[in-house]
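Here chain A shows up in two complexes: once beside chain B, once beside chain C.
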Partner chain A sequence: MGVRRALRSDHAVGWALAFPAVFLITVFGLVPIVWSFVLSFQKTNLIAPNPPFVGLANYRALAKDPVFRLSVVHSLIYTALFVPLSVGGALALAMALNRKIHGIRLYRTAVFVPVVASTIATAIMFLVLFDKNFGLANWALEKVGLGPFGFFESVDGALYSIVAMTVWGWLGFDVIIYLAALQGVPQELIEAAAIDGAGRWSLFRNVTLPLLGPATLFLVVWSTINALQLFDEVYFLTRGGPLRATYVVVYYLFDLAFQRGIAGYAAAIAYVLFLAILALTIVQLWVGKKVVYYSS
Partner chain B sequence: MRRSLFVLTVVVAMVGAACTGGGNQGATPTGPVELVMWMGYTPPPPVSQSLEYISLKKLVGEFTKTHPDIRITVRYTNNDNSLIKLKPALQGNKQPDITYQYGTNIAQLAGTPKVVDLTDRINSDASFDWNDFWPGERTAATAGGKVLGVPALVDNLAVVYNKDLFAHAGLPEPTAEWTWDDLVNAAIKLTDPAKKQWGLAFPADGSETTVWEYEAMLWEAGGDILNADNTKALFNSPAGVTALTPLQRMAQANALLLDFNPDAGKSENLFNSGNIGMIITGPWDLAAFPKANYGVQIMPSFDDPTNHQTIAGPDNWVIFDNGPTRVNAAWEFVKWFTAPEQVVRNSMATGDLPTRASVEKLPAFQGFDEKYPGVGTFVSNLQNVVKARPTITAYPDVSAALGQAVVKVLLGKADPKTALDQAAEEANGILAVPT
Partner chain C sequence: MSEGTIVEQARPLELQAAPGRRGRRLPFSPWHLVLFPTMLIMLVPLLWMLVTSVQTLNETRHFPPVFVPSRVHLENYTQVLRMAPFSRWFLNTLIVTTASVAGNLLFCSLAGYAFARIKFFGREVVFLLVLATLMIPFQVVMIPTFLIVKRLGMIDTLGALIVPNLAGAFGVFLLRQFFRTLPIELEEAARIDGASRIGILFKIVLPLSAPALATLAVVTFMWTWNDFLWPLITIYNEHNMTLQLGLTTFQGAHQTNTNLLMAANVMSMLPVLLLFFAAQRYFIRGIATSGLKG
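Up next, the complex of A and B:
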């Protein structure tokens, strides 16, 4: 086969088209993944050369680290609240927005705006809104005889305040996914069920909800992965405080690797988190396969 | 979330450094030596009117005019991130020649052979006059007996108070002889929840910002952070408890505005708007108080009325090795830039305290007090900088433990003794790990 023919073949074109993506994923994805795996067996601060290999010491240290345990608990509480609230809330909102009423485009845009706003802008807004002494939230609560609450400044409330803020911030994304899925629900099925005498609740429960199964599965898996990787909001709003009340796994990892120079141990945490997310995703997909109805 | 972008940025930096590393030769035999310098207090114009950046650029321009064989590229790199950014740069052998580094970074930096040991150069050059720098600066530039940096900036903590609020509460303004009891009583009197007014703002995020304010108090009470060979925590001594008690008293009286996110500028804004009576801070903050009629007083004392110690946050210019030609050129610049004639011009242009003691006596320094009201107290307060934080790699961990203890007391979750004992136990565990 001549060079010319090889170049003209579909293979060459395919590779040429795929090259930029493959290159970027390799350099920015695969290399760091392998590198941090190596780091997790070293004692390194990323400054001193030739860091010594310490075997599994970093992984063993995890079991005895109370701050790591605390961070895991906080990450799990956050995920357990964030996923059902954002996915469930989005379903309700999407149902409400899936109607032909006047100004519906405006409502849909309004719901999506928080997703487009940058995390930092959102965070600054909530910082002002939830301020203990000057915030609008406490002003309103005071009118009904409650508060003032510390929100981000209180040991008991900071994590839940971050849940509230991130649910608000991500709801719009989930709503868009659900709206798209709702457009795909065949009208004839709804009509057929209605003729058979199904009420509104029954229609939702037995027709719409099952058809939204794939979208729900996607959102649950995606939100869980995101929730377990919570970082930006914590870094900006609370720095893990007050009194480590919002230390979550990725914040702790960042603190160790980049602020305190314990990068090997931090890489071990990153790998444990990776395996945990992988395992959880496999379970979710496996359960999803059993319960989700695929119409095709 | 949106973490992916953050991770991507870090990864891009790391890989970028790795890909381009290695080719780090400086000058070709004929051309000038090319140096890269990282600095960054506040962003350069047009983002912010950074006096430090403008002054530095001006002096660099002057230096390169008289040294045509050296060229310096100044890159804005936020000082908060300069250690973080240095890590990938070192991994890729793409280190800048001169970087601005916080004093607390020096112990970590000592771990790389690429940092240039300046001890011999400093000792062999009498004209450099190392002892002209303040003792606290020299300690913070030294790790493991080696001088690894040249002081770039020095500041210290004092109490800035709102004169109008003091007058309104019928309180006399603080004098240089005041005590912590005076401060606590004033803070309680200045507090008025109905007016949303607090006696004192205090950082409560448990970071180094919290810890260093407490450390100044600890030294004033006669205590110390660690023992002489940095193997054991001493902050849970009776002096440590004495130092933490005023904070506990004010917290219990709700006289403190606890700032859980001190970087965001909330305390400064509230002080400026007249909602806060006192704030413990450094000269860099004065520009944030254009509306407040403020005064500056040195730290109050405990039992020993002469002990008004404060803490300095001296930062350094640190040189990295990119071959002897570039190291020599970098040293040439740093030496010139930190000489008294340049220090005085930099101070006059920025309001930064002079890093050298001799500068205060220079004719060019006269008029500093008028140009920067209130900064004069910070200048004379440099004499109260006696001790420095330990320059050991475990310090960030010790500080984290201590920070938790202070915040526990501020939040009323523990009494000073219990909180400090717990933190000391944690710190001793960290210090027992060989490095």
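Up next, the complex of A and C:
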């Protein structure tokens, strides 16, 4: 009797229901977080068993590695361009799309569709679009007296070409978030301000924009995290080239761990990346707390 | 949770344009002048993919570009199917995606319900730990995850792609939040009638949770279908590849065959595109409520 009651208790049933998911998340989510930390103090090639501990050697090497420094600089340049362009562009686009006019659903769908294209599918499309010799982009640029550009093949332009491509891919995502937030803007506020004689710009600047603060903060944090993780497009289009012009942190990390078998060192890079993301997120949230207005 | 009405209901933010500028009014809203070109720019990459996918090789290698192909060369599509194990990649992707969606729906429902409604020992701590994994970027933990999957003997099998993705913190969190918004009275009444927790979950809670389940299914589908980095690390044999990885292999082998590459790309995107048009509101809700693309 006691056993049956114990099995029917909330503790047993709760654990039984939660167990499969919690187990999977522990094995493939929590354990790797700890293991990653341990690995960063080891010298391992992912194959040999029982890798030796090397103390802080990986982190010390990191500080003196010019390739690491280069990849950090590229990641930061990419992030500094991608975040304002995608979030700012999405804000403008969402304001334009937030109205009832004919064909608005069509416009919105066109903006949303790229969201479902995978990073690889997007890279394939832009590989052809940005082709040095036959690409549509160079044809259009020629019409206005520019180019031709090498895009992904040019040392000066490759990183910026990736910025342009990824902004296209992520714009719809940000617009969806902004449109959802715009629905929460109380119409009475806008009307009241308009009656008080506020102009369009003033309405946007003083009423709408502050109310979009939480959405903007979320998008800035989210886009920054994503930008620092840039990999797929770089792997597919440039393999970090030409002349390491698109060498970014995660590409370096992948290259070290899975192509050159220097996994302990790569794990140290992964941990530094994690700390950098964490620090940037905290700073952004801290700044956001001072700037962003929460209505509730 | 706000219901997915972003597309359906728009509230124009500004009031009607001030009077006094009559006479110069366009027969349509001036916003079309902004929105129409924007739409074109957003669609150009996709439309150009469709156009090049039915061109001949010579037409793709022509400057200025050929906008209207001499003929719609649908044989590009069949040629792709002959040249690469494309149908195999398609099947693999379908298996992995279906398994991930099914696993997430089942395991996240069970766990989400436990976290939402059952008070069990350690619930708060465990839930916090689950949430913590949401904050960790995959790239940070991919090396040890690879080692774990390797130890389980799943490297270069579809299992490597399926098992780690059978449940995720995102699904647990999403469903827990949704379950908590349901009226608890129904469940309490059923419990008084002697129904078990499992019975309540499957007969009462889940039927009421179709929108949340659809959102989770759609987001998981897109994420799994489009995933690239994890298959790149764990799959080596061409026959075990998914579409994203296969496309990369295909591009490496047939670099100059732009038309075939584009045909392959169209085919790989088609299922996600169809799902997007069929379930747009769930896509949008999935993004609006969580912010997860992949």
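FYI, the second predicted complex is superposed on the first by the 275 of 296 C-alpha atoms of A that agree within 3 Å, B and C clash if a C-alpha of one lies under 4 Å from a C-alpha of the other, contacts with A are read in each partner's own complex, and residues count from 1 in each chain.
Definition applied: a contact is a pair of C-beta atoms (placed from the backbone, for glycine too) under 8 Å apart; a residue touches a chain by one contact, two chains touch by 3 or more.
The shown structure was predicted, so the numbers you read here are calculated from the model rather than taken from an experiment.
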item: Clash or fit, chain B versus chain C on superposed chain A; value: clash
item: Partner chain(s) touched by A:20 [first = chain B, second = chain C, both, neither]; value: second
item: Chain B versus chain C as contact partner of A:208, first or second or both or neither; value: second
item: Contacts of A:261 with chain B and chain C, given as first, second, both or neither; value: first
item: Superposed model, chain A: greater residue contact from chain B or chain C; value: C
item: Chain B versus chain C as contact partner of A:46, first or second or both or neither; value: both
item: Touched partner set for A:239, first chain B, second chain C, both or neither; value: first
item: Partner chain(s) touched by A:107 [first = chain B, second = chain C, both, neither]; value: second
item: First, second, both or neither for A:96, with chain B first and chain C second; value: second
item: Partner chain(s) touched by A:171 [first = chain B, second = chain C, both, neither]; value: second
item: Partner chain in contact with A:116 - chain B first, chain C second, else both or neither; value: second
item: Touching both chain C and chain B, counted on chain A across the two superposed complexes; value: 27-29, 31-32, 35, 46, 119, 127, 133-134, 170, 229, 231-232, 250, 258, 263
item: Complex contact set, residues of chain C against chain A; value: 2, 5-7, 9-15, 28-29, 31-32, 34-36, 38-39, 42-46, 48-49, 52, 60-65, 106-108, 110-111, 113-115, 118-121, 123, 126, 129-130, 132-133, 136-148, 150, 163-164, 166-169, 171-172, 197-198, 201, 222, 225-226, 228-229, 232-233, 244, 247-248, 251, 258, 261-262, 265, 268-269, 272-273, 275-276, 280, 283-284, 287-288, 291, 293-294
item: Residues of chain A defined as touching chain C within the complex; value: 10-15, 17-22, 24-33, 35-36, 39, 46, 93, 95-122, 124-129, 131, 133-136, 138-139, 168, 170-173, 176-177, 179-180, 182-185, 187, 190-191, 194, 200, 203, 208, 218, 222, 225, 228-229, 231-232, 235-236, 250, 253-254, 257-258, 263, 266-267, 270-271, 273-274, 277
item: Chain B to chain A touching residues, read off their complex; value: 1-3, 6, 8, 11-12, 14-15, 19, 84, 86-88, 90-91, 108-109, 111-113, 196, 204-207, 257-258, 260-261, 264, 393, 396-397, 400, 404, 407-408, 411, 413
item: Contact set on chain A toward chain B in their complex; value: 27-29, 31-32, 35, 45-49, 119, 127, 133-134, 152-153, 155, 166, 170, 226-227, 229-233, 237-239, 241-244, 250, 258-261, 263
